[in-house]
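One structure is given below, represented as structure tokens, and several questions about it will come after.
Order of writing sets the chain letters: A, B, C, D, E, F, G and H. Residues in each chain are counted from 1.
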């Protein structure tokens, strides 16, 4: 059953947002993808958020650049957790998107990750879902261990390349 | 007939947005006031924008702070000109509101004025309406002359106070 | 009749400002183009603004980079709506141009769009003119629908490419 | 059963973090409070995160100012969702805390809310927990309705005070 | 003979710009004061700059806040050295004024001092004029020595108050 | 024997820099205090740095605001470790001082602490000196334990005041 | 006789500072070039400034990047006008150099131009020298006219290329 | 004996951190290299810091990007001097890493160098160690002289290439 919606304001955001999809696939969490613009398709945005719960969605991930309103607009229409991914596009390198996403007014939170942080958005979605899914929780713990192993491996490689093992 | 809507995301914005109301009153342009939050009352925001034209509204002025989505959300639902006023609230002093208001994606413009620039929003609304209202245009020209006169007067006062006339 | 003036501070701004021209052409709104520098040709700038109304101009769009004074200088000489386009040039990527354009003192507004937002400047000019031109208003509404259609199309393309339709 | 841990780097953060506690109390979600510094009591921080799951904690909220490492350090030791609250303290008004909290490297997400956004952190924690608690979900929906009602009420007050109802 | 013009965009800038006047008085350099707004009295601004040389002015000091165009507008109309003083007014604390003053396009320089740096503007004007006035140069050297003496004195005071002489 | 020099660009910096003196006193490390300006008393600054080693100084702590050159100028004249403390003074709240202090060109390092971080500068000086002084090292370890104890105490106080122990 | 010194902190700054040299050559003002680092060759920097007046130098232009102290260090040792050119080098794109150059403390001004604004530094030096050199003043006026002519020419080119003359 | 530890949060930081290794090799100071992530291998980070002193380490250099917690986490577990190198990675160009590294809370200092300033970190480590090693101090003085010689040489090259010796 599809339990994560990955939304983005423009198809050009896909090259970043794809990392969220990849981590969900790795973790065995089913997801769907939509390009929905808070400004160009506002009705779709509110409809998506209003119906998400009934369609089985548990977490919504929303990526957008510039005056990034998408995550906030979705959050305004649902009490499901909404994760915002500020996308670095245009001359301000995502500083506009970060502030537009994270500085939500009291009452309507957006769980914001770093600029272009789609991978972390995917992991955060898994962490949330894993509260009710022990198997997923174990996968997250394994993934952590795997990351630690890779860091140690990289450490040896740098040492070797510099003759400092 | 009411032709300008002054909207704000929170009643705490009124102390700033009141300056827009005052200039419109001075210019004899009728207006209405609403506190509408893009996040806490999203349906009201879209309804307002969708119906504004039919109710005779020509220009919408929208003030909001922090991740200020109000002007953008309104602009997404109408082709009336929407003027955005970024409000300085919270620790970032309106830098968040400025970027959230002005950095709109291609297709949906917001005519943004300076941080807390509600007075200029009111004047800009008049400038737009005056394209079809020669009398209002004359009032704007008179207002300009009055401003110039006041600057000259202030200049004399500074000179006098410093003994440098 | 020419009713929009597209001005820019340097011919190097044309690659951005051309998007304003294109949208006006699409909408059937006649325009003229001038390179006028607030600093290198200041008399031309004030003359343009002072005479614009009598020449039939309804809206002035002004793009400039760095300490972008052009829109403000034009606005100082006319009560026509002036739309400012901050151009990203030089090492600060348009942050200087944005603040120089939008932070106008009380009394003289500039309707500012996003950095490099010439397309939105063109649309905003149409929105303003459409208050007295129902046909243009309809074109703007059609353009909106077309944008929404394109977003939906892009959504399908992303879904297909990822096998997630 | 205690299911939310509210942690903060300094007791001076309590005046902000208290808003998270208040919203949890309102929603009937039990919580605990700890002052734990990532830098002055690092062992306590890692111990807390390592043992949280076994103690029944479902979500950790962590507030800190300046080079705000607390949320990140906690997230490094657990796969429970960690919500970070950047606190505005010192001369940079929370810009340092925001970047230190949100810009986490790939693999270890922190769900960041706005600067001083403790109230939203509390609501976000509820949204996450409500995925497995329909009653809490209903409380969140009621809270939303209540907020909307209050905005409408404030709107009337502003209109009345200005004689523009 | 009056050889320095101290201009400011608003009479509220006088509390800062007064420091420029004071240093000129200390140095025995005659000056005049004008409140002239680049936006509200643009014709006065260009007239002042165009006629300054013939009236004996050697250096123009211009202070303005927000989108501070005054120094740039003056510089556009004269080849006399123009010193710009960005004034901290409004929520951005002079960051807008600094960029609007210093980031001038190639061809039209403004000699910019620090935010609220009116005192330094006065000293810089003296340094420029002293190139043709040996007596003034000597006064500047004496002033430097006096500053050094005061720093040494302050050092002793701090040491004494802390019992560390 | 005096082994730390605490320098500051202005006596107004003393209220911040005093925290460095206090921590050194606590740790039993002898120090001296000087107000020396990189700009107003440049010869004193270079003399101090050139002679510091011969006078027994091991570490120099330098605090300055705005275009804070003091630490860099000292570092240019000695190979003793120089610790820079950016002071928040003026409208930019120490952002200017931070960049002016930390962004040193390759070859001449300044060990920079946080804005107004004089206390940390004092501790860092102790850490450096403790490399050759085991007794001081022990004092630093005790100080750490004391800090941890205080955090735990504060935690209890917050819990008690909120009825959540 | 050499009357302008062009100094830079690193030979890598020459590609920018060369524009100052070119404009001086165009204006027939003799100059000299030195690479002098405030940090790596501090004695040379102070010697240059101390002796500049006696060697006939009237204006010093100093370009430097990052924590750009060069202009300030020179200004600390002379009452000749010192023009600072912040150079964009490293990841902060000259924002560090701008603040390090312009935010000088009271008493020691640096006449700062825009980031990488070496051309404007050269013109400003000419403007200062032209106060005692009518022929140079005339060249500056001619240069202005030439710039205006070029802007008009560029305007025609843009119009022609777009078919909008 | 190995007395400097060069740590970095990711192997991609090595291309910057290598400059620290090179300067240490030049100065004859032995060092070791580790890739240790504060977030992905937190236990390794605390272990390294806790054991460093006993293994003979005198100074720890830590480079990390984004929400750069590595230096702070290490400093939390040792009273050895910890030098932080903010790495420019991702869209904010190291501004996030700078603030995350330098803005440490009172009690736990990190000696921060400029963004990507690994070379200066290496020199600073040498300066600290040279307090107990006169030979190393002499090498640092020689290195300084060599830098000054190179600047003079570069000056001649620029002069020659421009025909201005």
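The rule we apply is simple: a residue touches a chain if its C-beta (ideal position, glycine included) is under 8 Å from a C-beta of that chain, and two chains touch if they have at least 3 such contacts.
Just so it is clear, the model here is predicted, and its values are computed rather than measured.
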**OP:** Have a look at B-D versus B-C and report the one with more C-beta pairs in contact.
**Re:** B-C
Subject >> Rounded Å distance, subunit F centre to subunit H centre (Cα mean) >> reply: 19
Original post:
Centre to centre, by mean C-alpha position, how many angstrom separate subunit A and subunit G?
Top reply: 48
Original post:
Any idea how many Å lie between the Cα centroids of subunit F and subunit G?
Top reply: 35
Subject >> Residue numbers of subunit C (touch at least two other chains) >> reply: 10, 37, 40, 66-67, 90, 92-93, 95, 102-104, 107-108, 114-115, 144, 147
**OP:** For this structure, give each pair of chains that are touching.
**Re:** A-B, A-C, A-D, A-H, B-C, B-D, B-E, C-E, C-G, D-F, D-H, E-F, E-G, F-G, F-H, G-H
Original post:
Which bits of subunit C are touching subunit A when the two form their complex?
Top reply: 88, 93-95, 114-116, 144, 147-148, 151-152, 154-155, 157-159, 162, 164
Original post:
Residues of subunit D touching subunit F in their complex?
Top reply: 8, 10-11, 14, 18, 21, 31-37, 40-41, 44, 66-67, 90-93
Subject >> subunit D contact footprint on subunit H (complex, rising order) >> reply: 9-10, 37-40, 42-43, 46, 65-67, 69, 72-73, 75-77, 90, 92, 95-96, 99-105, 107-108
**OP:** Flag every residue of subunit F that touches subunit H in the complex, lowest number first.
**Re:** 58, 79-81, 83, 98, 102-104, 106-115, 117, 119-121, 123-124, 127-132, 137, 140-141, 143-144, 147
